[in-house]
Structures are given as structure tokens and as C-alpha cells.
Amino acid sequence: MIEVKAIQKSFGEHHVLKGLDLTVKKGQVTVIIGPSGSGKTTLLRCMNLLEIPTNGTLRVGDISLTFEENVQPKPKDMLALRRKSGMVFQSYNLFPHMTVLQNIMEGPVIVQKKAKEEAKTTALQLLKKVGLADKADAYPDQLSGGQQQRVGIARAMAVNPEVLLFDEPTSALDPELVGEVLKVMKELAVEGMTMVVVTHEMKFAEEVADKVVLLDQGKILEQGEPSELFNHPKHERTRAFLSRLINPI
Amino acid sequence: MIEVKAIQKSFGEHHVLKGLDLTVKKGQVTVIIGPSGSGKTTLLRCMNLLEIPTNGTLRVGDISLTFEENVQPKPKDMLALRRKSGMVFQSYNLFPHMTVLQNIMEGPVIVQKKAKEEAKTTALQLLKKVGLADKADAYPDQLSGGQQQRVGIARAMAVNPEVLLFDEPTSALDPELVGEVLKVMKELAVEGMTMVVVTHEMKFAEEVADKVVLLDQGKILEQGEPSELFNHPKHERTRAFLSRLINPI
Amino acid sequence: MSDHTERLYHIFIESFLPLLKAGVAFTIPLTLVSFAIGLVIAFVTALVRISPVGPLRGIARFYVWIFRGTPLIVQLFIIFYGLPSIGLTLPPFTAGVIGFSLSVGAYGSEIIRAAILSISQGQWEAAYSIGMTKRQALRRIIVPQALRVSVPPLSNSFISLIKDTSLAASITVTEMFQKAQEITARYYEPMLLYCEVALIYLVFSTVLSHFQNRLEHYFDSKSAKKGSLL
Amino acid sequence: MSDHTERLYHIFIESFLPLLKAGVAFTIPLTLVSFAIGLVIAFVTALVRISPVGPLRGIARFYVWIFRGTPLIVQLFIIFYGLPSIGLTLPPFTAGVIGFSLSVGAYGSEIIRAAILSISQGQWEAAYSIGMTKRQALRRIIVPQALRVSVPPLSNSFISLIKDTSLAASITVTEMFQKAQEITARYYEPMLLYCEVALIYLVFSTVLSHFQNRLEHYFDSKSAKKGSLL
Amino acid sequence: GNNSSNNADKNNSKKQTLLQQIKDRGTIKIGTEGTYAPFTYHDKNGKLTGFDVDIAKEVAKRLGVKADFVETKWDGMIAGLDAKRFDAVFNEVAATPERKEKYDFSSPYIVSKAALIVRKDNNTIKNFSDLKGKKSGQSMTSNLSKIAKENGAQIVSVDGFNQAIDLLKSGRIDATVNDSLSFLDLKKQQPNIPLKVVAEENSGSASSAMMRKGNKDLVKAVNKALTDMKKDGTYLKISKKYFNEDVSK
């Protein structure tokens, strides 16, 4: 589904991703963990071309692009690649001037030029799926964080992406609202959605992930099945990071 | 140290705190937990008079104030009561136009009219205590969230409050940065600081709290020692809440 | 003294209708048309200034620099008296509309540019992430939000414009202020006429500010209500 | 034609110094002094308008309403020619400063008020939580941040003011624009003189905008640098 | 320094006539536009000069005082007279019946001819009667517009002489009925200007000094000064200086 090959990304002098290879298989859930600043967000954004990699090759579905330093890829190619994936943001980023329903219909209607009626039907189905059928006409600011994030997921799914990317989708949420979002994500996984998730919810990783990837300083330090990685980490740094996460004080 | 008696608080029609009694003893750490919207923040803000209770009596140290509906307490009394406590905010709320050192010196110099030199010495000691001696001249935006929150704690302590109030001090932080803040808070507790902490960090509550209070719908549902409350909750709702927190999916 | 008062009273009454007429026939249309066109110019200029096309951006910057930096009356003068020398003779009202629109466009573009830049990066990213092009993101997501932000400063400009249209007198548009001066020239009572005309301006701006409030409420009703901030 | 060009050239050169002199002697001091005082008025008015004292707030609102709603020239007229009738005869420059300051105060108060309201509630709470009074919170925490926010819109006002000072001609101050008209009356070359004076205004506003940028950078250097937003 | 004497003015206004006040303070304050050549304008060195200015100076001399000129725009000139900021206005003001309701006027000190000015290439307008249906630029503040109106012209309202000339040059109007003396001065400045006078009318207007009502002695004194200077040839000298002819009739 996704193939990241030798991807590098620099911000000016700052070398953030230092040549990364990653394969995400269709229908699988990949969880990315790692210390703050290790490049998790940058990697995810590169997959959706919100950041343009400095070097390397990226394939999503049947579209592939190769990046070179100082060469701006064609907007058309970027758009095509980006449309293969959907993104769910840490801070939801819903459109505040639109109702929940309008938020979800925006992609199908404006980008995919679907008929309004059709888009509405799909949108309502998605809303039902994330448990918010009754909130179609609310504005984002009238919703709790957990509800907003579920709308965010529905919006991302509305354009039928082949893969969904999540950047710490629950970290801005009240602890009790985390559950409702993770539940929706788990259901998507069960239904066979391909997903890449940056998260620190270890329970979710353990139960749902097919693969856990530990990023450190712009490189993949270790990857594997969750049970393996959590219980038998190969690197000392993996162990240290995990223990800090599980036992903060 | 703090005595909250029959405190009520309404926002317009919305009755948020419905007659609360709470006693916080000197040198003790009280942790408040409860579902979102149950009134935890409101209770804490009432203790610091950022919200004025609608009814009831509040005593902090040797100052006591009684509130009545539609009677605005005297600003002087409010100020005196407020100065007994310090507040640490979820979103840090550092002053962005001042350096770390200036943030901490602001209270002593402007409010308490201390000499600048004296205030500076104390501020530097506090910075050392929270492990940020080298960041004195940085601006808040140049710090990580965990560092900002530690500055927030130092700022609150700089005015020598008799009690420190924390409103979810770590919930805006990256999971890995939570530890550094909790560590500072634990040290304060060990040194005998009186603290009231709204948090969902169960590990912290278990290890550090003298008392855990569970708020639900503007009332205290249950309170007691952490081991007792966590392991033998009296109410079904306490149990449900705790399990949702510990096992989100 | 009572004679004098009576004279003033008569002049006031006699001039009220002509003034109001001039206001309704010239001041208001000039203001509304110029502001509407000016907004479009402001908008396009703002977009050009945040676009990646270097030369266009340079032109837009130059335009804003010139039109903010020089007096409006000079701009009107050049448009009305200067352009005929290159063969372009515009009617007074048209020349006025062009001058005022360009001025509103220059000041307004700064306001709109700031408003667009104030919309969080996250909104752009969300728009891109559902596959929008830059143009779609601007049109559907960024601009509608930016407009809300720019209502108060733009209405400051608007209220200024109502009064600035009096400069049109120098290009032979007999708007309200010019009318007041004509009447003054007959009776030699400038203070009275000025106060009278000020009163009418005050009514105009009050009515128009009222629409501003309505507009703000309209936008606000389309999203969250903010709590009191103090 | 070449004769004509030469004539224009001569007039241009000859009038440059007198224009510049009038600019430096009247336009610039009038602008700077009025703006400085206007800022103070704007500031106080903004504070009153967000204060809980009802009657004062009403007065402030009334003031803003009147001074935004009526033409500046009428305000100047009343101050200079109207006040003598109640025994207050002000010198021209003083009257000008008062009129312009009050106008800047009215528009500016709206800007500053919006800026103060834009500072997050959390900053007030943090200030209160370390024991500050409302006054201390305003002075030390809120206002310094609000000032930064209001630099761009205030500088819009400032640039407008430079040119608005030409209205002072009606109250016997021979500022730059009036000087240009004097020279025009001698040579009958309005277009040339207007362009010349526009050029000088342009230089003034460019120099003064430069200070605005410096000011913004100064404020920005006191806190975080924001990344590019597009 | 046009205000240094205001206090004296106020203190004495009850007891003394204006003429006495003027004599006491030693200056007569005169309002004038300073932008209307050759009547009131600035010479090469920036000094205020012109026919009206010289007449006013001579009048002052004969009153035994100094002339203190205050320059302002036309509207300010009138308001200034009302506000007692000036004692008299010398600015080519015609004593119309409406104005006489409010002000006192001296006897006329200049009679100007009305000139019909058109572009050089215009051969259709040869006489005032040819104005019928043509666009004529007229200042509403002058009574020359009456002549144009009476001859059936379509009036375009202008600010003053200069603007009328601009409009004429740029072909926006067909003609202007204006002061023949102003046109002479214009011709002197711009000998090549493509405009010509096709007709003159002797019934041109007379201009007088304008003063506040109720100061009979001042009007009398001014009139006497005017009569005297006509008698002793001073007037003719001034008249010749600016117009090379006697403009008193």
C-alpha cells in the first residue's frame, strides 16, 4: 500500500528524517512511537505531502513519486498522491465555519465533484459509524474534543482514501474522551482499513497494531509486532523510552 | 489549611457546584478526579477566586470569606484570599513577553514589592529546583511544554503561597514530558507543600496523594486514601469511571 | 439675536433637503460602489501578495505602497485631470469611483492579507489533506474565515470612506459636502452648514455601522459563540 | 514643449524647498504630536470601554460614536471657530493638535480595545493568580501584549493621519498641502505641484512605515518567532 | 502671533468699539485666502502679496495700524470672521443681498469684468449668448455663475478659478465665465496656454471688504481710507502695479 524508500527531510540546516524505509501493507495498522522531536509527525506529513521530502521515493497505492533536492514536484502529481490518503490531526482542524455535515461533505462535493445528495447520504452513514448521527447540524465549536476528533475521522474517510494517517489523534483529549476515539479507530482497523497511527496509547498499539515502529532521531530504531517490541525490545534505548512512557514518575 | 464549606457555583441557569465540603490539611496532597464537566476546574478556580462562588464559605489559611448570591465580595478581601494560594494552569499561561526569570520575579517584585535583587536570588533558586537554571533568559516560546510547565510551577511558588493548586498540569504535555513535571511536583510534596491537584495521572495519585476526591456532577461522590479509593471503590460509578480511565478501549 | 437665530433656523430647514438629496444621490452611491469595487481589488491584491508569483507580487506591493503613501486627493486629481492628457477622459463619478476604489483596495488589501495570514496553518493542512488544490482551499476554507476576521477593520475603512467621498468635490462631483459649501457660499454660514452636514454623516455612519454589527452577528452565528473575555 | 518642460522643471525645483519646509515645520510635528496624544486618548478610552463603570463607559462610547461618525474637518472647525464663542480661543496649531488627537483617539480606541480583548483570558488569570490587581494585570501583562497586536492597524491610522493633517489649512495652519496650493496659485500648475507634494508625502510615509517595521521587530524579538504561515 | 492680542480683545469688547480695539492693539487682523492670484497670493519668495493684500495694507496704514494677515481656506475665512479671529476679510468678496443680511461691507474697491474664456480652437462660442446649452465651469462661491446661468449655460460646479481652467484645458467643459483679471494673470504666467477670451462684459461684479455687523465706525473708517487713497493716487498706483489699468470702475 505505502512504500517509503530512503526518505530524507531537512528543514534548512536541520536534518530531521535521515533516510527512512518503511512498508505498510494493505489492511494493516502501523503504529509509530518515539521521543518528541524524533520526526514522527514529519514522517506522517511526508506521506501525505504536507511536507515535501528532500530526497527519496514515496509510493502510495499505484502512484509513486521520487524526490530530489531543490526540485519542486509537479502540483498535479502531488495532488494525485495526496488524494490517496486521508489525515486525522491532533488538533482536529475541523472547518469552524461549516456544520459537521458540511465538513464531511466538503471533500466529496468540492474535490471529487460528487452530487450533493449522494455525498450527503455517505456523510450521514459515516457520522453514524463514528456515533454522531445526531450532531450533523452542529458546528464544531459546539462539540467536545472527542466528538470533534470523530468528525475529523469521518471527514478523512469521506474521500475514500486508501490509507488513513493519524497524528496523535487522542493526545489533545480529556482522558475519558480518549476511549471513544480509540474505539472508532479500532473498528476501522477491524474492518480492514489501512492505517498509520502516531500515538502513545500503548494499550491501543498492543491490541490493534500489526506493526509498531520506533523512531529515534530521524531513523527507525526498531520495528516489529507489538508484543515482541514491547516485551523484548532489542535496544537499550527502546527499553528506556518504553519505561518512561509506562512509568512517568 | 483550606476549608470549603457548602460551596455552590452556578453559571446563569447552569448549576455546576452543588454544595461541596472539602478540607485540605497543611502539608497534604489532595488529588481531585472526576468525569469531564463534573466541576473539577470550577472547584479549583473557586479556591483561588478566579470564579466567585455563588454561595458558601471558603477559608484559606487565616482568611475566611462567606459568599452570598448577588453579593460581590470586596476586591480587597478577594485579593487577600487569592494571595494565599498559587495556581498552575493546564496551558501554562506563562507571560510570553517576559523571559523565564522575569515571569518568576513578576509576583515578588510587582505584587509583593520585594527588592529586585532579592527576588532574583529567590527566582534563580526556584529555577534550580525545577531543573531549569540554564533557561533563566529564555522566552517561554523557546521552551518545550514540560519546561514551560515547570516554569509555571516556579512562578506560582515565587509568591510563597500557602497552598498550590494544579489544574491538569500535565494533560497538555507530550507523554514523555509528563514525567519531568510530575517529578518536580512529587519533590514539592515530599518537602511538605500543601497541594490540591486535578489530574488523571493515576500513578501520581497512588504514590503521592494523601487523599483522592472523586467529583461527579458538582458533588463529591467519594473521597479517601488513594489505595482505598482505587482498590475498594464504594460506588458503582466510581468503579466505572476508574475502569474507563485505566482501560480506554 | 433672535433675528439671527431665526435666519439660522431658516437656512437649516431650507438646506436640509438639498443636502440629504446630495447625500443620497452622490455620497451614498459613491461610497457603496467604491467600497464594493475596492473590496474586490483589496481581495485580489491580498491574494497576489501571498501568492508565490514574484513579479505580480512586486506589482501589488508597489500599488499598495503608492496608494497608501500619497494623498487621495492627488490620486483623484491625476485620474480626473491627468488621464485626459493621455486620451482618457472619464466622467466625474466614474473617476471618483476609480480613485476611491483604488484607495480602499490598497488599505483593504493589507487588512485582508493580515486576516488570511491569521487563519491557522492547520486549516490549510486540513483542506489539503482532503485533496483540495490551493485555489479550492482558499475559496472554501481560508477566505470565508478571513472575511469574518476582517469585518471590524474593514468597517473602520468604510466609515472613513463615507467622509472621504467629500474629496470628490474637487473633481466636480457635487456630493453632500460640496453642496454644503455651495449653500455656505450663498449665506456665509459655514459653521451651521458644517454641523448640519456632520449630522447627516453621523446618521449615515450609524446606519451603516448597524449593518456591520448585523454582519458580524451573521458570521458569528455560523460558528461558535465566544464567552465574555474579561 | 521643451520650453514648457523647462518651466515645469524650474517650478519643481523652486517649490521643493518651501514644500519640504512646510512639511517639516507643520505636517510632521502636527502628525507626531497629534498621534502621540491620540494614542494616550485611545488607550484611556479603550480602558474605560472595557471597565465596569457604566456611566464612564457610556461617555466613552458616545465620544467614539461622534468622532468616528462626523467629518474631521467639521471637528476642526468647531474647535477652532466654534469654541471662541464660549470664550476659548485656541491658537491654530493647538486647535489642530486637539482635533487630530481626538480623531486618532476615537479610531485608535477601537483598535486597542480589540487588541486587549484578543489577549487570552489565561493571561488575566495567570496575572490574578500571582496576586495582581486588575490594574497591575493590565499594566504589566495585558497591555504590553495588546500593543504588539495593535501595531499594524495603528500604523494604518498613522499613515492616514499624515495626509489628513492637510485639513489644518482650513484652520489657518499653512501645512504642506496648503503650501502647494499657494504655489499653484502663482504658477497655475496644479498637477505638477500635487505630484510633487504627493512625492514628499510618499517619502514621509515610507520613512515612518519603516519605523513601524522596526517597532514590530522590536516587539517580536521580545517573544517567539512565528514560522511562515503559508 | 495672530492671537497675542486676543485677551485684550475680549476684555475690552464690552466697553470699546471694534475700531477702538484695533487702534489700541495696533493691528487689524485680516482674513484672506492667499491662493488667488493676482489678488491674494504668494510671490516667488513666499511673501503674501496681491491687489487685495496691498489695498488692505494701505487701509490699515490709514487707520494707523499694522495689517496682520491670516490665511486660510475660503470656509475658514468666513468662520474666522464670525469667531472674531479676524476683523475684516479682503478677498474679492462681492456684496450680495444674502451676504448683506449677515455682514457689513465697505464700498467696492474693485470692479472686475466678466470674461468668457474658451479653448483657442473653439469657434462656436463667440459671445455670451452662445453659452446656451454649453457646459460652463463656475464656482458656486462667486456670482459670475449667475451670468453663465442667465445665458442658458449648463453649470459645472468647480472649486475656483484654477479648477475651471483645468477643466477647460482637459476639454471637460466648453467655457467658463470668470474674472478677466485672473485670466490676464494666468496669461502672464503661461503665455502659451491654449485658451482665449472671446467676450467681456462690463457688468462685472464689485468686491468689497467684509466685516461683522454692528461695527459702523470701522466700516466708515475703511470707506474713508478707500476714498482717500483713490483721491491721492495711491489706489491708482496699486491698480497699475497689478493690472496696468484702473480697476475701480
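Which chain is which? They are A, B, C, D and E, in the order written, and residues in each are numbered from 1.
Here is the rule we use: a contact is a pair of C-beta atoms (placed from the backbone, for glycine too) under 8 Å apart; a residue touches a chain by one contact, two chains touch by 3 or more.
Each chain and its UniProt protein: A, B = L-cystine import ATP-binding protein TcyC; C, D = Cysteine ABC transporter permease.
This one's a predicted model, so the numbers in the text were calculated from it and none came from an experiment.
Asks: Just tell me the minimum hop count from subunit B to subunit C, counting one hop per pair of touching chains.
Replies: Counted as steps through touching chains, the separation is 2.
Asks: Would you kindly say which chain has the C-alpha centre located farthest from the C-alpha centre of subunit B?
Replies: Most distant chain from subunit B: E.
Asks: What chain is the most remote from subunit A, judged by the mean position of CA atoms in each chain?
Replies: Measuring from the centre of subunit A, the most distant chain centre belongs to E.
Asks: Across all chain pairs, which one has the most C-beta contacts?
Replies: Top-ranked chain pair by contact count is C-D.
Asks: When the C-alpha atoms of subunit C and subunit D are each averaged to a single point, how far apart are the two points in Å?
Replies: Using C-alpha averages as centres, the distance is 18 Å.
Asks: Give, as an integer number of Å, the spacing between the C-alpha centres of subunit D and subunit A.
Replies: Those two chain centres are 50 Å apart.
Asks: Using mean CA coordinates as chain centres, what's the subunit B-subunit D distance in Å?
Replies: Going by mean C-alpha positions, subunit B sits 46 Å from subunit D.
Asks: Just the number, please: Cα centre separation of subunit B and subunit E in whole Å.
Replies: 80
Asks: Counting only residues that touch at least 2 other chains, which ones in subunit E make the list?
Replies: 75-76, 79, 82, 163, 166
Asks: Enumerate the residues of subunit D that touch no fewer than two other chains.
Replies: 77, 81-82, 190-191
Asks: Throw together a list of every chain pair that touches.
Replies: The list of touching pairs comes to A-B, A-C, B-D, C-D, C-E, D-E.
Asks: Contact residues on subunit C for subunit E in the complex?
Replies: 7, 81, 84-85, 89, 169-170, 172, 174, 178, 181-182, 184-191, 194
Asks: Provide the residue numbers of subunit D that touch subunit B in the complex, in ascending order.
Replies: 120, 122-123, 125-134, 136, 140-141, 144-145, 148, 219, 222-225
Asks: Can you name the residues of subunit A that touch subunit B in the complex?
Replies: 35-36, 144, 171-172, 174-179, 182-183, 186, 200-201, 203-204, 207-208, 241, 244-245, 247-249
Asks: What does subunit D use to touch subunit C in their complex?
Replies: By the definition above, subunit D touches subunit C via 50, 65-66, 68-74, 77-78, 81-82, 107, 110-111, 114, 117, 121, 124, 152-153, 156, 159-160, 163, 166, 177, 190-191, 194-195, 197-199, 201-202, 205-206, 227, 229-230.
Asks: Spell out the residues on subunit A that touch subunit C in their complex, using ranges where they run on.
Replies: Going by the criterion above, the answer is residues 48-50, 75, 79, 82-83, 85-87, 89, 91, 93-97, 106-107, 110-112, 139-142, 155-156, 158-159.
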